[in-house]
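I've put the structures underneath this note.
Next come two complexes built around chain A: one with chain B, the other with chain C.
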Partner chain A sequence: MATEREPPPLGDAEQTDFKELEDGEDLFISTASTLESSPTSPEPASHPAEDICANSNGPQPAEISLDDDLEDLFAEATEEVSLDSPEREPILSDEPSPAITPVTPTALVTPRVEPKTIFVPAMFERSKEELEEEANGDSFDMEIVVSDPEKVGDGMNAYMAYKVTTKTSLTIFNENEFSVKRRFSDFLGLHSKLATKYMHIGYIVPPAPEKSIVGMTKVKVGKEDSSSTEFVEKRRAALERYLERTVKHPTLLHDPDVMQFLESSELPRAVSTQALSGAGILRMVNKAAEAVNKMTIKMNESDAWFEEKQQQFENLDQQLRKLHTSVESLVCHRKELSVNTAAFAKSAAMLGNSEDHTALSRALSQLAEVEEKIDQLHQEQAYADFYLFAELLSDYVRLLTAVKGVFDQRMKTWQKWQDAQAMLQKKREAESKLQFANKPDKLQQAKDEIREWEGKVQQGERDFEQISKTIRKEVGRFEKERVRDFKAVIIKYLESLVQTQQQLIKYWEAFLPEAKAIA
Partner chain B sequence: MMDAGIEDNSNHNFSGYDVRVTDAAQNGDTFVYVIKSQQIPSDTEYRVEREFEDFEWLHHCLLTQEGVTGLHGIIFPPLPAKPGTFLSNSEAKTKKKIESLAMVDDWQMYCRALEEYLHLVTAHTVLIKNPAVHSFLKHRELPIKTKVKKGIFNKLTQAVEELRKEHHKDIDDFFQNERDSNLTLTAFTKAAVEKFLEIVLTEQKIAIACGHFSTALHLGIGQDDDPADYAFAKMCLKLSEVLDTVKKNFEKVAENDLNTLGFNLELHSRFQDAEKEMLFRRTCKLVDVETANKNLGQAKPHKKAAMEDIKKAADKEFDEISGMAKVEIQRYHRERVRAFQKALIELSDSQLQTARECCVELKQQLAEFKQLCAE
Partner chain C sequence: MASTPEENDRNSKLRSVSVDLNNDASLMIDIPDALCERDKVKFTVHTKTTLDAFQKPEFSVPRQHEDFIWLHDTLDETEEYAGLIIPPSPPKPDFESPREKMHKLGEGEATMTKEEYTKMKQELEAEYLAVFKKTVQVHEVFLQRLSSHPVLSKDRNFQIFLEYDQDLSVRRKNAKEMFGGFFKNMVKTADEVIISGIKEVDDFFDQEKTFLLDYYNKIRDATTKAEKMTRAHKNVADDYIHFSATLDSLSADESTALKMYLLKLAELFEKLRKVEGRVASDEDLKLTELLRYYMRDIQAAKDLLYRRARALADYESSNKALDKARLKSKEVQQAEEHQQLCCQKFEKLSESGKRELISFKGRRVVAFRKNLIEMAELEIKHAKSSVSLLQSCIDMLKTN
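Coming up: the complex of A and B.
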């Protein structure tokens, strides 16, 4: 246990910690997650010690084994534990390191940690938006790679196992680098759990990649052609993007299901995600029912922001779909070009072979080679078109569905509140009626019920306000993400275009002297 | 009026003429081509209007000229295929296969093909002497022509007889080799033309797709009040500019392909056919010679003299044809290699230039984009 203690990475973990604790109230109310879901609270308190070490002549302090401390901490802490709680320090200062002396956190500012606010109690007054900004502004110190698709099993029971490797310096995880094997249904299971936990309180949970019965069947049956390898690659990339998006969300990152998914070698099999299972069909039916319900909820929108946003997202959805169609057409033609170029390269080679004039023959063979290389270029560019653009666009179209879902949840929450109010009204009326009838026990019951429903109305209002607040924040985050994502992709895409041209220049520059040499 | 590119003919085998097909105009359901020519070193420029039918007439006259030694040993410059309607880009999208330049791109390419034909004719030392050429270039009206019959001289007729004669073994190694290599080269050249023109077509399709993508990016650009939407809109507009660049690039790439290697391959595919026809004519003559010899050997004494005469005539013709053919073949290969070289140089040159231009533009737009995002 006495290992080197290192300061947490550039502040990122801290902010998420604090944000997490603020949200912790929500989590604890509405989810079944246990106290373990709150992350490394010991972090901030470790700074004072760290700083002391930097100043002291003593040996470096030990690194806290977080698991043990987490358990201890939560055993003693209350739900709303404030970070500068005095309870923390004694625990930490029990660490077997002579150089550590407890110091009040507020006195210290560790140069390595950016947000000084960690040590300031007033931190809690900082808006969630500001924390968000910092969390997003710093480099997100976590890298997830999905790789090595492997077919496991035979026939229709076969499946693809993917290796999920996580590299991170976030201390909420046990190690810095670890990998596990997961299958597609595991990802779906994860999403299903997250959606159940978070969507109804307004969090935009990134959607999992889509099932494809046709594609998967080909793989199972063992069709070793390019279309099934393409399918697997497409899926692999989609799973990677899915995980990256999920962990970018500060709340979801610390969710125990997410952490378990990334870390633990064995995962209980998610059975209800099968496409044609009973659960699957039930889900479809529910979705349909929900759609119908949605149409009948007429909400008194007191906040124009929500209406505007919904319209805006509707427009965005349309635009993205159209763009996606355009890109797909482009991808298709580029692939065609690649095929045609390859065919011509072969023709040119044959022409060169049957040509008697030696210099011309050589030049034609060179031309064939150039065309082959250009064919490769076209293929690569087509992949760039596809994996950069088309997939990004379809990811966002599905994300927007999740966003819409969250807005719908808000309406449902509002409806619930309204229903509670209506019920309360009824109960009150019933009570006043009972006032004149002479039934004391019924009257008491009525009064009890009124109290019950008053509570429910209050809760409904609170829920509604909370979800509205959460959605605002989530939408803000989504908007930032969207701009950032597209910006990054477009830049990558432009760079790929430039690179293609540069390669073309190289090829033609090399060929020109060959052509001139035909005497 | 549309204008065809003016080709510099001075690189070619020297022609006493400077011929240009400068315009093409639709007249009912035919096209009328404006041909301007000038005999070097004279200053007089002639301008005539011709339809495709007139070209066919000219070709026929060339093939049937009387009194030319070894006429049938000439590899006649091939006439471009009869034009259909020139395909617009949208039609090109739906066409599955392109068989000739007459179907690709537009009238400009076709005019160039006709021009090339006339240049080749006027550059040929024997053909230029045909008075029909002068009529064609100078006279307002051409002599009344009967419907050109596709005779045996410019069209291989009965297929069975063709096959038999085509494979008739030659007495001369030089010619046998030439016939064999012609057979292979013709097949490969045709395949190469087809594939190459497919490339051009796909390049044009990509240009169109880029155009659509670019337009789609303009959608939804409206509300500027939301900062995310505004940033997004700015990015889309910039990306749209980039796609316009890509579109222009692909159009240029397709044009380069077509103007250089495309044109050359297509012309030489037809030339291979012309050589094949010439070799076939000679082979037919060879068969005649061998038949005459056989007849002479089998002839009854009183017919011997007549058979002798026939044999002598056949021999003479055959020798003349072979003589002309040899010269033509050598000239043909020289020309072919030279033209190929020119085309390949022009291809790589133009593509190199286009790639460089595009690269510069894209780099600039990339920098602008990064700048935009930093704001």
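Coming up: the complex of A and C.
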């Protein structure tokens, strides 16, 4: 049963989800049924600590048959997808193509083979130009907007529904423009599915926005003040960025869960999302990874690149957090400045009223008006500080957690491979012992087991090489995106500052003649 | 140390709350030098004069803040000057804010890089210096108000203050006098109650009373709000320091094309924070200090009104006493003389008071005008330099 292999909440969620999905896409039927009916075979190589992580990435025992699948997968991959650009067409088009269909690596984790459905790794052996092209967004034509937050229901059961509008010319979708209504837990559900499917094979899955009990409760309770509007706006923007990042990833874009999320009008409710927060998933993934680290196994890092990159990302994480703190302080102080300026403006207006010298009185009133406009300026600038810079930084801090997670997955994969080798060794020793005992059935069994473990060792090595390759690519993509994101935000932010200053000039230049007019 | 031409220029820019007072060659006063010893500030008061009343044409004496208070209170208590607006005493030097910040900085030293710490320290030292300059200015202006007043400049105590080369503390309030001062404040509060109750005979003073009472409250409020505003502005400027420093460290570790972006951004914010800092301090000097000064000046004007109201009360009660005496035919001459005295006193107070209040209004309007113009001009100047810094950075980043 699924529950034996998965932590309760996740297990429940997946069970419910998959049950409901049975009426939906075909691809999921296999997943659902296989999850429920997979045999629980002994997995001697699994370590207790690993269970947490392994379970969140899919049923473990399934991997037994998975090995066979992957062999087939890779065989097909090399056969049927060439490295030339023309091959991209079939992947993106809707035409039924026997060997190549929209990918779902879900099949990678199920025991049942779906020969039609696996090409993720190979698909990315594209030419350098293509990769660059896509990175520049020339062939990536997709725009997602999250808008119109609407409160649905009342009291503590209320929730915010957001409209998700997609505009695209990509042919994998049925229409060019379509929108759906989604709630926050739907986003979390999407992320949890993607993380489950992709993180353990090395893909950097963008994390979903954070849950906020305080923020949401205020909204539910119906507090119509500026802080709850701000909260909703912050969340809306974060959800939009989350989707944008997700679809920018070539693999994730073609994932059926993603497409369903964007397209289908009814989405099965992701329940038990208490445990499914983006951070929660990452925490689970990382907890297992930490457990791996605690084991006194020194991975023989033959590839210095990985070590360097890990260190680099560690430093980057620290620096980004520090920068985020300083931006938060700036936002806070600017907001304070705005409030204080508004208070002064009122006070100056009162002073102007009280002043009995006519011209001075008028000038003071004008001063009050200028200061009032300026306080608005400060507030807008504080918003820019926040929405442009602070949110970018916090997004990247969370993204880096996902990156770290992926590196740790590689460690885990290596560990599995090593464990398989150790087990193989044991089996070989056992067999050689049995050679001299007169027990032909046991000997045969031992030989069978050796074969089995040889397969696992091979698979482990392949997995390890695959995840290493994937991570290299992912990191390359991540870095490119990071540079692009930051450059864009920096320019936008500076332009917002310029605008503020130019407005200030206008306001004070308008005031100056009033001051001079005091006679 | 004598001030350099640049310093003089800067000083005159600081000395903006009142129009230039030090232009009568017969008596020129300035504070060219001041020392900060722990909590006490020692001012060097320098006088240049052509008047015979003084022993030398040029001389300097060291004075403490308490000496200024003594001088003010002495003038305030002088019966003869009851009809004058006594220039408000300078506030006590207050280094609390920069000192507190310096303390916090010391505590947080471990969390920042060396460059960041140095910059913050420099910033705080500049703030400290600004407070210092402000207090020197405000003490100087006090003396210059006195020296440019036709009556007060001739005051004997004022001359002693300027000339007496020994420690003034012997002349300052002793315990008895301090108690008297406390009592005086109690009486003044009672006066305020009397003032609101008294029936004003003169339209001018009636209007002035209403105006000053209301205006005082408004300007006091405006001063507090302006102070909060300029302080918040300073905080934003300080945040730019941390921001710039962190961008710098980020850039150092960066190996991608972002390296240059981050470095340029760090440099930009280092320059911007200086501009923002200047905006905050200019607002402080031109606006907050202006409001603060005139708040105290209006209090001094109110004091004049109180004194006049007391004189009026005395006059009215002396009238009543005279009537009673006439009725009883007892000590009539005494009562008549007393009534005459009160009348004269009241009329003199009213006459000089009216003059003072009119010139006060003129002074106030001129000072506000000057400061508001200067503030607007400075705001424009700083905003323009910010724009140019920002725009050149944007252009540079876009072309790369």
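By definition in this document, the second predicted complex is superposed on the first by the 358 of 519 C-alpha atoms of A that agree within 3 Å, B and C clash if a C-alpha of one lies under 4 Å from a C-alpha of the other, contacts with A are read in each partner's own complex, and residues count from 1 in each chain.
Here, a residue touches a chain if its C-beta (ideal position, glycine included) is under 8 Å from a C-beta of that chain, and two chains touch if they have at least 3 such contacts.
All of these numbers come straight from a predicted model, not from anything done at the bench.
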| item | value |
| --- | --- |
| Simultaneous placement of chain C and chain B on chain A, clash or fit | clash |
| Partner chain in contact with A:356 - chain B first, chain C second, else both or neither | both |
| Contacts of A:327 with chain B and chain C, given as first, second, both or neither | both |
| Touched partner set for A:483, first chain B, second chain C, both or neither | both |
| Which of chain B and chain C A:237 touches, first, second, both or neither | neither |
| Partner chain in contact with A:195 - chain B first, chain C second, else both or neither | neither |
| Which of chain B and chain C A:509 touches, first, second, both or neither | both |
| Touching partner for A:343 - first (chain B), second (chain C), both, neither | both |
| Touching partner for A:367 - first (chain B), second (chain C), both, neither | both |
| Residues on chain A lying within both footprints (that of chain B and that of chain C) | 312, 315-316, 319, 322-323, 326-327, 329-330, 333-334, 336-337, 340-341, 343-344, 346-348, 350-351, 354-357, 359-360, 363, 367, 479, 482-483, 486-487, 490-491, 494-495, 497-498, 501-502, 504-505, 508-509, 511-512, 515-516, 518 |
| Residues of chain B defined as touching chain A within the complex | 181, 184-185, 188-189, 191-192, 195-196, 198-199, 202-203, 205-206, 209-210, 212-213, 216-217, 219-220, 223, 226-229, 231-232, 235, 238-239, 242, 246, 249, 333, 337, 340-341, 344-345, 347-349, 351-352, 355-356, 358-359, 362-363, 365-366, 369-370, 373 |
| Contact set on chain C toward chain A in their complex | 207, 211, 214-215, 218-219, 221-222, 224-226, 228-229, 231-233, 235-236, 239-240, 242-243, 246-247, 249-250, 253, 255-258, 261-262, 265, 268, 361, 364-365, 368-369, 372-373, 376-377, 379-380, 383-384, 386-387, 390-391, 393-394, 397-398 |
| Residues of chain A that touch chain C when the two form their complex | 312, 315-316, 319-320, 322-323, 326-327, 329-330, 333-334, 336-337, 340-341, 343-344, 346-348, 350-351, 353-357, 359-360, 363-364, 367, 479, 482-483, 486-487, 490-491, 494-495, 497-498, 501-502, 504-505, 508-509, 511-512, 515-516, 518 |
| Touching residues (chain side chain A, partner chain B) in the complex | 312, 315-316, 318-319, 322-323, 325-327, 329-330, 333-334, 336-337, 340-341, 343-344, 346-348, 350-351, 354-357, 359-360, 363, 367, 479-480, 482-483, 486-487, 490-491, 494-495, 497-498, 501-502, 504-505, 508-509, 511-512, 515-516, 518 |
